[in-house]
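Each of the next two complexes has chain A plus one other chain: chain B in the first, chain C in the second.
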Partner chain A sequence: MSTRIIQVDTIARVEGEGALRIQISDGKLEDVKLRIFEPPRFFEAFLRGRDFTEAPDITARICGICPVAYLMGAVHAMEMICGAVIPRPIRDLRRLIYCGEWIESHILHMAMLHAPDFLGYPDAIAMAKDHPDVVKKALRVKKLGNDIMVLLGGREIHPINVRVGGFYKVPTKEQLRRLKPDLQWGLEAAMEMVRFASQLNFQDFEQDYEFVCLRHPDEYPFNEGMMVSNKGIEVPISAYDTVLVEEHVPHSTALHSRIRGRGACHVGPLARYTMNHEKLTPLAKTSAREAGLAEICCNPFKSIIVRGVEVVFAFEEALRLIDEYEPPDRPFIPVTPRAGTGYGCTEAPRGICYHRYTIDDAGAIQDAKIVSPTAVNQSTIEKDLWHFIEPNMDLPDDRLQWECEQAIRNYDPCISCSAHFLKLEVVRQ
Partner chain B sequence: MTVHSPTGSGVISRPKVIGVGNRCRCDDGAGFAVIERIRARRPHLCVVEASGEGASLMELWKPGDEVVLVDAVRSGSAPGRIHRLDALRERIPSGFFHYSTHAFSVAEAIEMARALDLLPSRLIVYGIEGANFSAGTEMSPDVTNAVETLVDRILAEFEDQANTVIESTEVSHA
Partner chain C sequence: MPGKRRPKLAVWKFASCDGCQLSLLDCEDELLDVAGALDIAYFPEATRSVQPGPYDLSLVEGSITTPHDAERIHQIRRDSRQLISIGACATAGGIQALRNFKDVREFTRIVYASPQYIETLRRSTPIAEHVRVDFELRGCPIAKHQLIEVISAFLNGRKPNVPTYSVCQECKRQGVVCVMVAHGTPCLGPVTQAGCGALCPSYHRGCYACFGPKETPNIPALSQWRRERLGASDLEILRSLRTFNAAAAEFERESIRHEHQNHPG
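Our next item is the complex of A and B:
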């Protein structure tokens, strides 16, 4: 029997530590494992006993790329428990800081992590020598996302200005207005980045996914909405645990998710776009149309285009929010704890990020559950790899490895966020 | 950013010391500790604290600037060892700086600036070898000593540029 093993010990250009192992025996694909060996983080455990107001700042530390997703999941859940109603200006500022996160995260992935795959470069630094204008533009766009994060969050990584009930400090109209010229430039640059992405060569790889995301009646989703899928799910986020279950697999410190009774699902830009494209802003719709995107996008390699469309959306939305902004009377509303369980589910750049907390009357956290989008996508990534490798097994190892890594990066996996599970081995003698 | 020399002899570059790190990760606070001490001893010297996020870092210098960047490193050397790299003469190893959750961080920013011809005219990178990067705010004794030594060394380098007009600035605090 001839066995061919392709092993990538550390996957590059993803956040965190993961590996890939492919086994082909006698020309038959025997095994594909996306191994996540990043050590578990224990956030859910050390939230227990902490005050409910501490959850946003603690969970924001889960990720340096998408901290807003964790801030928002935590504050929404706590506000649900306590019955807090958030005034419109604060709600709008939360959407605005999310715009900043989508811009900086998506453009980093598009230009620095994913584009080199399509253009045949080992990394963005090598790509920059031949495509300096694309990289310079992407860096400036990323900086604009950072600027929004700094103004609203206090700093670009792990913002510290978000609290249960609102913000510690809110910007003035003038501070936001000053961002506008740069954001106008960013909007144009983002549209150019979509054009750039649309001209890349894409594999023909349409898949039959169950897309899961939020859907809101009036807006492209960030913070609120029903949890929906293209195969019939439509539930409030409080029903998340009745729809998705997590299970341990031996090769990953991140729990795998599956839809009860059905299997893997796909969260992230393709899911949001497919389920919400009619809610995109005008220029985002124009960009999508000019890029040749249909109303449904089932090719994960084209996620680079959809991320670009979402960056266009984020700039348009940011400009709208700035134009309509009236500072709130107070930067936050007081929130008094009461015993209960609450839920937060928001759209991180990589897909829905779920939080569930139970607190007591004094506000002490009794239980916490957090599910990152990368954890949910793990099974889908492995499924994609099975489908992708089978017709491409004739490729030489180095080419097959390259394309498999690209297939993984379609999901912009954030492995550090996803690692929760500690493999515990007890040997009794 | 540039300023004019007091003699009016023309435009000169502005020296800048950038400290990178994380105060909540023990020895990873070394870069900020250097900045704090320089700020206390030379209040008019231009110093900056930066999170290490690459795109923002690249915005901190311009061609023509003279920059010193300080961060904690983990290269396997003895704790407290001070590494000195001239970024214009040598590449910065990507695994040199302490593990970061950010896919585009200090080493990548410097190498990207090199690829795009956006490096300052002088970029000296000092790395202080750390021993303990766990959660906490206390630096190891060897690292604390190295911070003091490095501050003296950086200030001595800038003494040679005593005629340079320098100013203080504030950038995002990580």
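Our next item is the complex of A and C:
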């Protein structure tokens, strides 16, 4: 029996720490395991006993790459418990700050993590030597996302301005208006990036996924909507736990999610696009069409195009929100605690991010559950790898390693929510 | 630069949220210059290429929480000419140091169905508790301008200019109205190290001390003021000190004092 082992100590450019082990015996793929090494940080445990108003800032520290997702999940859950009704301008500002996070995070992934894979560079800095304009432009677009975060949130990582009930301070119309010329430029640049992404070489890798995401009757989803799938799920987010279950598998410190009775599901840009493309803004639709995207996108390698389309959407949406903005009377509405359980589920750049809290009458948290998008995608990533490795088993180890890394990076796994460096080990027997 | 070797930079991660290392990638205007001045030899969040050590400058994010990491940091120290810990996790143990005040086995049972798979230490500790650290950069997350300052100081062989005075002084400098005096909003600015530019007070929010204690803070005096003037309870004072820098010595000491008053005996 011949054994071949490839061990990758680091799958770089995914934000976390983990490892991949592949076992091949007599030319047959025997096992694929994505192991997560992120040291446990016990958020759900130490949230117990904290005040309900503390959950947004504390849970933001789960992930520095998508803090807005955690801030939003927590505030929505707490407001649901307390029966708070959020005025329109505050709701709009929440969508606006989310636009900032999508732009920043998607461009980071597209230009600095994913595109180098397609073009054969180890990173964006090496890529910048041959394609300086692409990288410089991408950095400028990324910065516009951060500019929105800084204005609305105070800073780009762990914004300080979000609270249960609204914001500590809201911007003036003039402050928002001043962003517009840059955002206009960003919109153009984002459309160019979609064109660039659509010209990359994609392998044929269409998969049969169950796509899960939010769907809202009037808009492309950020913070609100029903939880839906292309295979028949349609439930309010409060039914999340009846749809998805988490398993603790021995090879990982991240919990794996599965759809009850069915198995893996896929969350993130492809899911949102497939289930909501008719809600995209006009230029985002144009971009998608010009890039040759069909109404369903089942090729995870093409997520780089879909991220681009979502960036175009985020710029258009940001411009619309700015045009319609009238500052609220107060930056936040007072929220009085009452005992109960509430849910928050929002569309992080990488897919739905779920929060559930139970608080008592004094506002002390009794129980907390948080599921990151990467935890939900993990089983799907493993499944993709099975399908991906089988036809590619004969590739030399280093080549196979890079290809596998890329298959994983398709999901933009923010591994600090679940994984980080991926260590690839291929056992060939 | 022909003939001159660029210093090798490595960026390491321990228990953290990745936000501090992301700060480097968020320096959109400076990133390509940094990459020109330094040879990015190890930075898994940004590149798949890996160069072996030794490294001239290591930036270390995150706290030590597993037996494996407690060994790994020693190897990194041996491989690094200069080692700078970045962020509250690396300089104080981070939010995950809240376990230090509780029974970590209980925590493991709450989060994981199969606690036997989880290997973790009882305490989350800063890097400096394990190895010699050349400089500690504060913040949750660190401030980008301070990161750039630390890197340029390193490149020029000088001491970084990072003040250790309080957030209050930044408010005064920037003409930000004191939220505590003007609005009775609880604020840890008087005992918190500067660096953020008085961010929270400028958004009408009290400082929650994400940069950790300033040099020689008088925390009991602030607690007393909060109790007498703002009617704060021991529990409120306790919670406010138990966040991202909970295990920083001065905060830990003061929070334990209020824990005892909160739960006598």
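Criterion: the second predicted complex is superposed on the first by the 418 of 429 C-alpha atoms of A that agree within 3 Å, B and C clash if a C-alpha of one lies under 4 Å from a C-alpha of the other, contacts with A are read in each partner's own complex, and residues count from 1 in each chain.
As a working rule, a residue touches a chain if its C-beta (ideal position, glycine included) is under 8 Å from a C-beta of that chain, and two chains touch if they have at least 3 such contacts.
For clarity, every value in this text was computed on a predicted model and none was experimentally measured.
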**Report entry** Fit or clash - chain C, chain B, common chain A
**Finding:** clash
Report task. Mind working out whether A:330 is in touch with chain B, chain C, both or neither, as first, second, both or neither? Result -> neither
Requested in this report: For A:65, decide between first (touching chain B), second (touching chain C), both and neither.
Outcome: both
Query raised in the report: Thinking of the overlay built on chain A, is A:289 touched by chain B (first), by chain C (second), by both, or by neither?
Result: neither
Report summary line: Partner touching more residues of chain A, chain B vs chain C, is chain C
Report task. Based on the superposed arrangement, let me know which partner A:122 touches: chain B (first), chain C (second), both, or neither? Result -> second
Requested in this report: Using the superposition on chain A described above, determine whether A:51 touches chain B (first), chain C (second), both, or neither.
Outcome: second
Query raised in the report: Just chain B (first), just chain C (second), both, or neither: which does A:399 touch?
Result: neither
Query raised in the report: When the two structures are overlaid on chain A, which partner does A:180 contact: first (chain B), second (chain C), both, or neither?
Result: neither
Report task. Go through the superposed model and pick first if A:150 touches only chain B, second if only chain C, both, or neither. Result -> first
Query raised in the report: For chain A, which residues belong to both interfaces, chain B and chain C?
Result: 13, 15-16, 63-65, 104, 108, 112, 124-126, 128, 135-136, 139-140, 142-143, 146, 154-158, 416
Requested in this report: Please name which positions on chain A make contact with chain B in the complex.
Outcome: 13-16, 63-65, 104, 108, 112-113, 124-126, 128-129, 132, 135-136, 139-140, 142-143, 146, 150, 154-158, 416
Report summary line: Listed in rising order, the residues of chain C that touch chain A in the complex are 13-20, 22-23, 25-26, 28-29, 31-32, 35, 40, 43-50, 65-66, 69, 94-96, 98-99, 102, 104, 106-108, 110-114, 117-118, 120, 140-141, 196, 199-200, 202-205, 208, 210, 239, 243-244
Query raised in the report: Which part of chain A faces chain C closely enough to touch in the complex?
Result: 9-13, 15-17, 38-46, 48, 50-51, 54, 57-58, 61-65, 67, 104, 108, 112, 122-126, 128, 135-136, 139-140, 142-143, 146, 154-158, 160-161, 163, 168-169, 247-248, 250, 253, 255, 331, 402, 405, 414, 416, 420-421
Report task. Name, in rising order, each residue of chain B that touches chain A in their complex. Result -> 51-53, 55-56, 58-59, 100-104, 108, 111-112, 114-117, 172-174
